[in-house]
Structures are given as structure tokens and as C-alpha cells.
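Input: one structure, supplied below.
We just call them A, B, C and D in the order they show up, numbering each chain from 1.
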Amino acid sequence: MTKIPVAILGATGSVGQKFVELLADHPWFEIVAVCASERSVGKPYREAASWFSAAPLPPRIGAMMVSPCEPTSEYRIAFSGLDSSVAGEIETTFAKAGCFVLSNSKNHRMDVDVPLLIPEVNPDHLELVRMQNFGKGAIITNPNCSTIGLVMALKPLMDAFGLEAVSVVTMQALSGAGYPGVSSLDILDNVVPFIGGEEAKVETEPLKILGARRENCIENAVIKMSASCNRVAVLDGHLECASVKLSRQALADELIAAWRGFTSEAQALELPMAPLHPIYYFDEEKFPQPRLHRNLDKGMATCVGRLRPCGVLDYKFVLLSHNTIRGAAGGAILNAELLVKKGYL
Amino acid sequence: MTKIPVAILGATGSVGQKFVELLADHPWFEIVAVCASERSVGKPYREAASWFSAAPLPPRIGAMMVSPCEPTSEYRIAFSGLDSSVAGEIETTFAKAGCFVLSNSKNHRMDVDVPLLIPEVNPDHLELVRMQNFGKGAIITNPNCSTIGLVMALKPLMDAFGLEAVSVVTMQALSGAGYPGVSSLDILDNVVPFIGGEEAKVETEPLKILGARRENCIENAVIKMSASCNRVAVLDGHLECASVKLSRQALADELIAAWRGFTSEAQALELPMAPLHPIYYFDEEKFPQPRLHRNLDKGMATCVGRLRPCGVLDYKFVLLSHNTIRGAAGGAILNAELLVKKGYL
Amino acid sequence: MTKIPVAILGATGSVGQKFVELLADHPWFEIVAVCASERSVGKPYREAASWFSAAPLPPRIGAMMVSPCEPTSEYRIAFSGLDSSVAGEIETTFAKAGCFVLSNSKNHRMDVDVPLLIPEVNPDHLELVRMQNFGKGAIITNPNCSTIGLVMALKPLMDAFGLEAVSVVTMQALSGAGYPGVSSLDILDNVVPFIGGEEAKVETEPLKILGARRENCIENAVIKMSASCNRVAVLDGHLECASVKLSRQALADELIAAWRGFTSEAQALELPMAPLHPIYYFDEEKFPQPRLHRNLDKGMATCVGRLRPCGVLDYKFVLLSHNTIRGAAGGAILNAELLVKKGYL
Amino acid sequence: MTKIPVAILGATGSVGQKFVELLADHPWFEIVAVCASERSVGKPYREAASWFSAAPLPPRIGAMMVSPCEPTSEYRIAFSGLDSSVAGEIETTFAKAGCFVLSNSKNHRMDVDVPLLIPEVNPDHLELVRMQNFGKGAIITNPNCSTIGLVMALKPLMDAFGLEAVSVVTMQALSGAGYPGVSSLDILDNVVPFIGGEEAKVETEPLKILGARRENCIENAVIKMSASCNRVAVLDGHLECASVKLSRQALADELIAAWRGFTSEAQALELPMAPLHPIYYFDEEKFPQPRLHRNLDKGMATCVGRLRPCGVLDYKFVLLSHNTIRGAAGGAILNAELLVKKGYL
């Protein structure tokens, strides 16, 4: 089978590099363009990008010349790891030129006609792209890296028991801030109890994702949300302590069964980037932990543990999700796979 | 003025060493005995203890011979940094022998006639010692290292607005686990979302501390409590994200004013170990942080910041407290100072 | 092909767990026994071992009952991750019973009839086993985790230019100390400039490994050696700064060519655990780095970089080797592969 | 006594902040001007500087308006924490205007008429200022943060036994790279074996500092030098493993006696910033360690330990020096104190 040509926008940045790493051996997609800012254009990718993954830079990509962030007819899928300062406009340009833009940026996430997509959670939201006025192109976004693990863990609970309130405290990894991102002097022997703009995202994005599609729009879910976001000295993997109030009484075993039994269209369609099991529930009381479990199922699984009654709401638990794979590049690739499999291309 | 002779029980352990460090130049107290387990008895303290503080071991204490954990008539105040596996019995023995035991251990904290004391919060609970059947001796405990900062921050809110519910997620320092405590392999590039027994302490101790004294006993406060405890790669200083539901509506400025205006008998009596201000509220949105603020006011202050509305309860905020000073040795010393100043000795 | 049955001694410890992880899918070997101390015997491995690798415990091994450290007729190869306090005697017992013991322990390394083996460096030393008085069994050891990377980097230089002196300063990973090993309180925001017994090993083992085999014994190489060993806050991967004095003048490019051109019988025989290239030389002046390069070629490669003139000796450079793979379990497995391929079994 | 008015150049940067912290309560000096780049000029210091020390910003300095880096007649002493990209020219301008510039920057360190000064080592080099053509002003520099601890440890050895060769491997703290400096993603679970330009400084500066003054110039010491510089995950305190070849044979005890007996004019003159003892030798084989010993004697002491024979040179040992106090701001302040005490002002 001929692979589908794809471009990476913002290819030299930290999310861009993760796209390169994850797409290097993808069974359906082939990188044909690495696009970045003027400073990098015309250089071989290996020189333009300061490659910092432990996975070696694939030589074919390393030798590729960096292109400007302008659409061409070579590809119809573009993965965007662009910084939000420029993503809004460039992504729109690509969509108007007929591209499906799989964006990791916040700019278009809350647009009414843009899917904020998690294939395991709201695959039907993809239909929103038909409302977009971009002709053959469209913009599809994936959620913030702290939102996605939380929503993955909430979805089976909402389906089975209803959700009234969610309180979450995050302990987020350094890679979430990009590179160079957080200064070592700020985080060694320390925690920073603030991440600019993050709490608002975690409190609003889930309502759209868990919302119901009514014809041409999404009716947001009605759940009380509260988020407190912290940066901790962890390289990858966001850990979150969540408490929930359910709409109806349920036993702890029922919640665990809901998580363990959860599967979705993404698994049924055998999308290459989909985790075998979307959610792993751990019985060990010390688990999940970022360093031990972030890479489970290619870094695409959501790990849950420590379910116990909450003295204020109903139940509390711990969840973990890989922020640069599931929460960024891997999530966008899974979205593209759904798009292709469902025949939108 | 002649100083009051004191003993340190469990003097070679990590809390014991902190007692030595903080009492070395104390204006009222003088260490006359360092007591530890049989393994150490008869050795000079400098050999028995593997001193690991950055503050140099005071030579006078270093040369002192380690005694067994048996009461003598040399002193009437004993600070206990004993492990909970042995503290219960030994502390009782010392109290029966006429000693005031200032204990940092969990064993007697919830005994109905034992004060769980924070001089700024419930100084009147000290009266409980009169209920104890130890003759001239008594046991006074200080709370768990995660409880104390939380209760310090809650007290002014309860007094001014009433408290109905508290949800807290802690990010606790490594020194809280003692030495050697947490393996480096477990915590570098990681967070451990579990600390054995900790959540129960944080959910129950505040109810006793914030309870009202009715004659001879404490009537626990009625507050819904929920705690999730995590270990992070920080040396000292427990950071906590708290959400509260108040009994009556209040403006954010009123809460901040309540914290900033908070003072207590401990300050009025000018107890040497008391912080100048019990609570510091920070306006900077990135503060407080463990490494920057844990040592404020000799490590005895509670740092609070980031007050903002909570989507689930009423308000949420961040607090920080030094776990081995305010939350252990320093807290016990402050308790002893109150005891002396109030004439219990 | 039927796989060769093997046992793991000290299977529950940190090296033992690494053996389990690396042998789980080995093309030649199949784990048939996991042996450990009495405390673990009779329990399923998953309960006896506190599994802490990010790689999931293989279910087949997890269900295996732990056996005592006593030889049986089920297998003729035993991998030993035993602590040096017990390894000496137990390994001898296994050898006497007809087993080839691949030991990671220091006890027998310097015995005159025991090969201290690195397949890329001194494969002919394997012949020493014929001098051992164990009948059909034998003991083969692999070097200390700091020695092996150093010797790998030195070997091509010695062959091409001769070696007169080596000065090395190591920055060693935490996993080298086992589990729980180094307390987090000792290493966060710190370096410990001392590792018990380590410097002597690094100064003596290379002389045996680089020595020439004369009939029935090894004539040690004559090289002046100096080692300074430090523990740093790195999970895996020992980094070393080495300076060398060569026997004859050479250009920097010649040294680099010697490293890049280096290959050995282990590669020629296509041993499964052998790295594709034993040595990778990096041109980037910031490389190699533990986190980025420790896992190169399954963690079996030696990474070298920063070759430059030394103002005191001739040249200096940086090297990196994965301490628990190449420097422990992986090295022992590679030794076993050589043993099998050369027909010693 | 009226205090001497002083200015701080580059006051908002990391070295500048350290100057503010150390000079806040200085018995001789009073900060009258905080100078920085245009971006900061006219703002209160508390707003212009992102204060990140755990020591609170002194309110008087916080309220001070930031001035441009232009000399005024208010002061004759200026401490420079300027970045080397601008330090060269600005410092010259201040000197020409009659100021004594105490510079922490590399720009003028190797100028033939500029003292590269350590009061304990080469106080007579201060005489070089008379060779400068700046009228009443002059430039005095302090060495690189890795050089200073090394030279402090070498000086007593050179005086007593002569020095022929020095090989040193450094493990340097993050604060040496300024703020934000090293990305957390580069150093957590890692070591970076390269610091741009650092090795050349450590190999050349000691030769000037240990050189003999011949009338109007310095005759460099003749010592073979080799340095390898690494960045490790430590906040403050450079640890170094050094090996030395002496000119004459000496016993280990003689070296230790030389260190322990070492004192200097800085101590004799009781300069306020001078350490009580310039060098502390530790008998414990695990010491010195950055986190435990960097703040000894106000962070001005050099800590030495682990003296033992070297298999390649004569002896090897470990040393530690606080890089932002002794190796930067504190060193410059001590230089200024010597200047004042010797009547150069």
C-alpha cells in the first residue's frame, strides 16, 4: 500500500520532534515535508533541529530540507506542533488550501465548528468538520496535555454513573513546557504551583469533549470543574489526583469495572496508534507512577489507580497520561488515523 | 538565667538530629541528655549519629555520651523524635516518671486526654494535661507534618467564616520519610502518589485540633475532609493544594485579610521559636514554592498563596510548611515554650 | 530450535530483575528457575520480587515459584545477580554441580583461573575455564560496571597505539548501588564523591582484562591506573572522563578511526546481545550524555566523545556505558552467548 | 563609621542579585546604585529583577530605582555582574571615570595589567592596578568559579612542595550558568560533559594567579594543566576531583597539614567577607559534598577531602567551592575589602 504523504508544521520544536519520532515508521503515513520558521528554512532538518530525543533521528528525515510553513499540493494531511503565537493563522491557511490540519495548539480548540477530538471519547465530533468553511480542508484539534488523561478517566464514569463535579490537582512534567522551557534552577528541589493558562483549559475543554453533538454543534456537558496545576521535577508524564461526584450511587468495584471494560471505536478499528486498552487500572496502592507507567502501550494508555471514597465528593483516584505522546503528538496522529479510516480524506 | 535542662529521645534519628540543631542555641533550654536505642548507648553522639545536616554538629553535643531511653531526675522536659514502633511505651514511661514529653510521634496524638497542640491554633487544649494520670508528668503531641500547615491556614478561615469542607492534595518532601527513607531510584524523575497512613492523619487530626474544649475533653470540629498525599522530589517543605467550602459567603480579600491579620498568643508571649507572623500570604502567582520559602521565619511560618474561586467548593489556594521544622522538631519546641511560659512546669 | 534452559540466582534483586527483563524474549535461552533467599522461596516471583522496571514483568515469570539457591539438573547455565556477601560460596556450589555460572559479582573476578570476560575485548580468556577444577561446570565473571565501558574504550587504543597510563573520573548512576541503594536525601541537589571499594576495582580489573593469555594464566597488562569515583543523580548510565598516555604518538583522527573501526568476534558471531557497533564516537561536543545515549544498541554500546589533547597526559575524552545492562545483566548474557557459540556447553 | 557607597552593575542578573544579597548588611559598604540595561532603567528594582533567592529581597533595595550603567560621582566602587557580552566596554568606562571596578566577568581577567585576585593567594598582585592607565580608577577581577576553589587548594601545596602538573575534572552546579541557564530537560537524570569555554579558563587562570609578580607584571607559573568540565544536577557548589604532581616528595600528612595550617593576609586583616579558615580538610571519606558543605564559613571556605595517592600523578583529592559566593559575588566583595583595607581607595 502506498503511504499517505504528510507534513509536519513547526517540525523543529519539541512537539514537532515528537511527530518526527512517532511518524518515522508509521504504517500509513510518510513524512514528505518538515516545515518551520524562516530561520530554519533551507537547512537540512538535522541542522535546523536540535534533536534531543533518546530515539535516534531517522537519517532520511535528518537529510530533508526544511520548508517554509506554506501549503503545497504534495500532501493533504499536516500535523501542527506550531507555537500558539503563530498557529492560529498558519493552520487556517493550510485548511483553506485543502489540508486536514491535525493541530496540537490551543488556538482553534474552542471554535464551535472545530472538533476537540479524542477517538476513544467523542469520535462522532469529527462530523463538525463538515461545518467548517474550508472547502476540502479542515482543522481538527486534540486537547491540552492535562485534559486528555482526565477526560479518558472520566468518560467511562460519565457513561455509567453520570458526573456532577470534578476536582483535580495536577503534577505536570517538564516536557509540557517545551524546550528549553523550565529552568533547572526553578525546579530542582522544588515544585512550582502555577502554570500559566493551564487551569482554565483543564476546567473548560472537558465540557466540550464530553458534550453531546446536536446536529451541527456541541452541547457542552454540565459538570462543575476545578483544577489546580503544578509543575514537578518529572521529565514526562502528567500525574493527577482527581475527585468526582457522580449522579448516582455506585460501588468502587463498579467504577473499576467501568474502567477495565472500557474500549472504543479506536480499538475496534485497530488504529495503529491506538492503545490496546485505553485505560489500565492498577491494584497496587503505589501505582501509577510517571517513570514506571508513562510509556505503557506506546505511551497512549491512561493509567488509573488508588480508587477510594472521598470525604468531600464521592470518590477519588490517581491518573497518569504521557503528556508529549498521548497528550500531544501521539494524540494528533491517532486523530488522523480516525479521519483516514472513516473516509474523510 | 539558668537554662532549663532537657533530654532528646531518639536523638540519633532524623527528627532527633533536628532537635539537636534547633536546641543548640536555644535561649531557654539546654540539652543535657541525648537518648537513643541500645545500639548507640555509651558512644559519643558524634559517632552514634550519622549527622547529615548542613548546619555543623555543635561540638558540645557531639562529645556527649548517648544515654538509654530511661528517665532520670536531671530534666523534666523530654523531646521525643522516637519512631512510632517504640514511642508509645517509652513516652508513657517518661511521663509517669514526671517528665513533660513533647512528642512528635503519632502514638498518643488521638488519645482523648493528650493535647494535639499548635500554640497559634489551640493553646487552650494544653489544659488537657490535667486530665492525664501521670502525676507531675504529661504527654503533649504536635500534629503530623502535613496536618500542621493545613490547620494553620484553615484556622483564620474557620474563625471568620466557618468551615464546612476541605479537600487537600499534598506534595510532600522526602525528609518527611526519615533517613534513609525514600530510595533515590523511586523518586528521581518521578512522583509517588501514596504515603502509608498519611491521608488518614490529615483527615482526622485537624478535627481534633480545630475542636472546642468542653471542660475535660475536646469536641471535634465537624468538617468534611478529604486528603490525597503524594511524595515529590523535594528535600524539605510540604506544598499543599487546598479547596474549602465556607459556612458563609466571603470575598477573596476578606480571606486574605484574615490570613494577614492572624496572630496568636504564641506571638504575644514572644515565644522564641514562634514565627513573627504565623501566616505569610504571597501576591505573586508563582508563590509559595518549597525551595524559596520553606525557611521563612526560621522555618516556622506557614506560606499561603494563589487564592482563587473553586468551581466545586468555594475557594482554593496553595500552602507551604517546613515539614521537619514547623512540622516536627520546631513545632514540639514551640509547644514546650508555651508550656513553660504558661507555668505548667 | 529448543531453547537452552537457564536459572537466575538472586532473581528478586535489582540485577536479578534485569536478568529477567533481558532474558524474557531471548532467542536462545529460556528461564526455567528463579532462585533467591529463603525469605522468597515458595512464593510466586511476582510476590517475592518488588518489580520496579518500567518494562512490565512477563506473566510467565511472574507466576513462577521462587526456588532456593541450590543447583538442579534442569539447567546448566546459571546467571548470578547474587550479593557479594553470599555469591562466593553459592556460585562455587553451582559450578561444582556442573553449571556454568555467569556471575556479576566481584567475588571470583580476580581468581587466577576465572575469566573476567568481555567478548569484544578478551574472548580468548574464556579458555581459562579449562583450568578450573569444577568438572563440567565453571565460573565466568563480567567486570564492574565502571570498568567495562572504560576497557571497551581503551582496547582499540591499546591495540593501535599502546597504553602507558590512564586517569579516570567517574560520575556513576544510582542504579549501580542496587535497590533501595542511595537515599534520595543523600543525592538530590548533591554529588557524593565516594563509592566504597569502587576505585580499587576500576584500577585493577582493566589490567587483567587487557592482559595477555599465556597458556594457563593471564599476564596482567602494565598500565598506570588512577580512578576517582563519584555518585551523581542519574538513574542509569555511568559517565567517565578519561585521560590516557599512549606508547606512541598518534593523531586525534587516528584514535577516532580506531574507535569507529573497532569490531570483534562478538559482532562476527552475531551474538544476539552484542551491540551492532561496540563503540559509537560522537562528533557533537555536548555528547555523549547518560539520558540520551545509555540505551543505544539495546544498552550494550559504549559511547565516546570529546576527544581532545590533555595538558598532562596525551589525550582526554568522555565515555558512557549503561551500568545495569552492559555493566551487569546484559554483559553476563553476552558472555553466556559466547560460551554457547564457542561450544563450551 | 560612614559606610562606603557602592554601585552594582548588572544588578538584576543572577550575579547581580547575589551582590545585593551579600551587600545588604555589609559593615563597610552601602549600595547606593543598582545599574542595569535599558529595559530595566527607571523601574523599582523589585520589579526589574525577578528575585529568586530564598533570602528575602531587602526592602530598601527593592524600592531603589534602577539606573543606567553609567558612572556617577556618588560612588567610587562598582561591583560588576555584567554579562561578558557587554562587560568589557562598560567596565572600562567606569574605570576611566575614576571607579574601582570589581569585576566578575571574564573580559579583562587576562589583561596584563589587571589583577586576577584572590586575597588569600596573590594579594600582592593588587599592585598591578598602578600600571593601569585609568587615573584614579582601576579594574580588579576575580577568577572563574571553577578556578577559584582549585587555586585555593593548590596554593598551600605549591608553597610547600612545588607543583608540576594538575589534572582536574569538575562537576559544576547549575547556578554557574546563570538564570534561566540550563534547561531542566537537559539535566534531570543527566550529566552534560561540556561547558563552553570553561576548560580553557581553568587551565590558564591558575597560571596567572599562582604566578610571581616581577615589578610591573606577572610571570606565569609553569604547571601542566588539564581540565574536564561537567554540568551536574546540583543547585550551588562546584565539586572537583584533582590529581597533582608535586616537585618534591611529601607524605599525605604533610599535605593535610599544609591545608589545615593555611591562612593569609585576608584572615589577618579580618576582612569581613573572609572565611575564618580558608581551607577545611575533612577526614570523612564521603566528604565534602555540595549540599552539606557549600555554605561553610558564609560560603567562602574551600572544602577539601579524600587525599590519597594517585597511580598516575602523585596525589589526588576532592575539593568544593561555592560558585556564586566564593566563585563570584563573595569573591569580588572580598577583593574590594582588601582594596579598601590596603588603602588603595
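Basically, a contact is a pair of C-beta atoms (placed from the backbone, for glycine too) under 8 Å apart; a residue touches a chain by one contact, two chains touch by 3 or more.
On a predicted model such as this, the values are computed, not experimentally measured, just so you know.
Asker: For the interfaces A-C and A-D, which has the higher count of C-beta pairs in contact?
Answerer: A-D
Asker: With chain centres defined as C-alpha means, what is the inter-centre distance between chain A and chain D in Å?
Answerer: 47
Asker: Could you put a whole-Å number on the gap between the CA centroids of chain A and chain C?
Answerer: Distance between chain centres: 40 Å.
Asker: What positions in chain B touch 2 or more of the other chains?
Answerer: As it turns out, chain B has residues touching two or more other chains at 52, 188-189, 233, 235, 291-292.
Asker: Hey, how would you classify the chain contact layout here, line, ring, star, complete or other?
Answerer: It is complete, because no pair of chains fails to touch.
Asker: Would you pull the chain A residues touching chain C in the complex into a rising list?
Answerer: 52-54, 56, 188-189, 291-296
Asker: Which of the residues in chain B end up touching chain A in this complex?
Answerer: It comes out as residues 165-167, 169, 171, 188-194, 203, 224-226, 228, 230, 232-235, 239, 241, 243, 245, 285-292, 305-306, 310-313, 316, 318.
Asker: List the residues on chain B that touch chain C in their complex, please.
Answerer: 52, 174-175, 179-189, 233, 235
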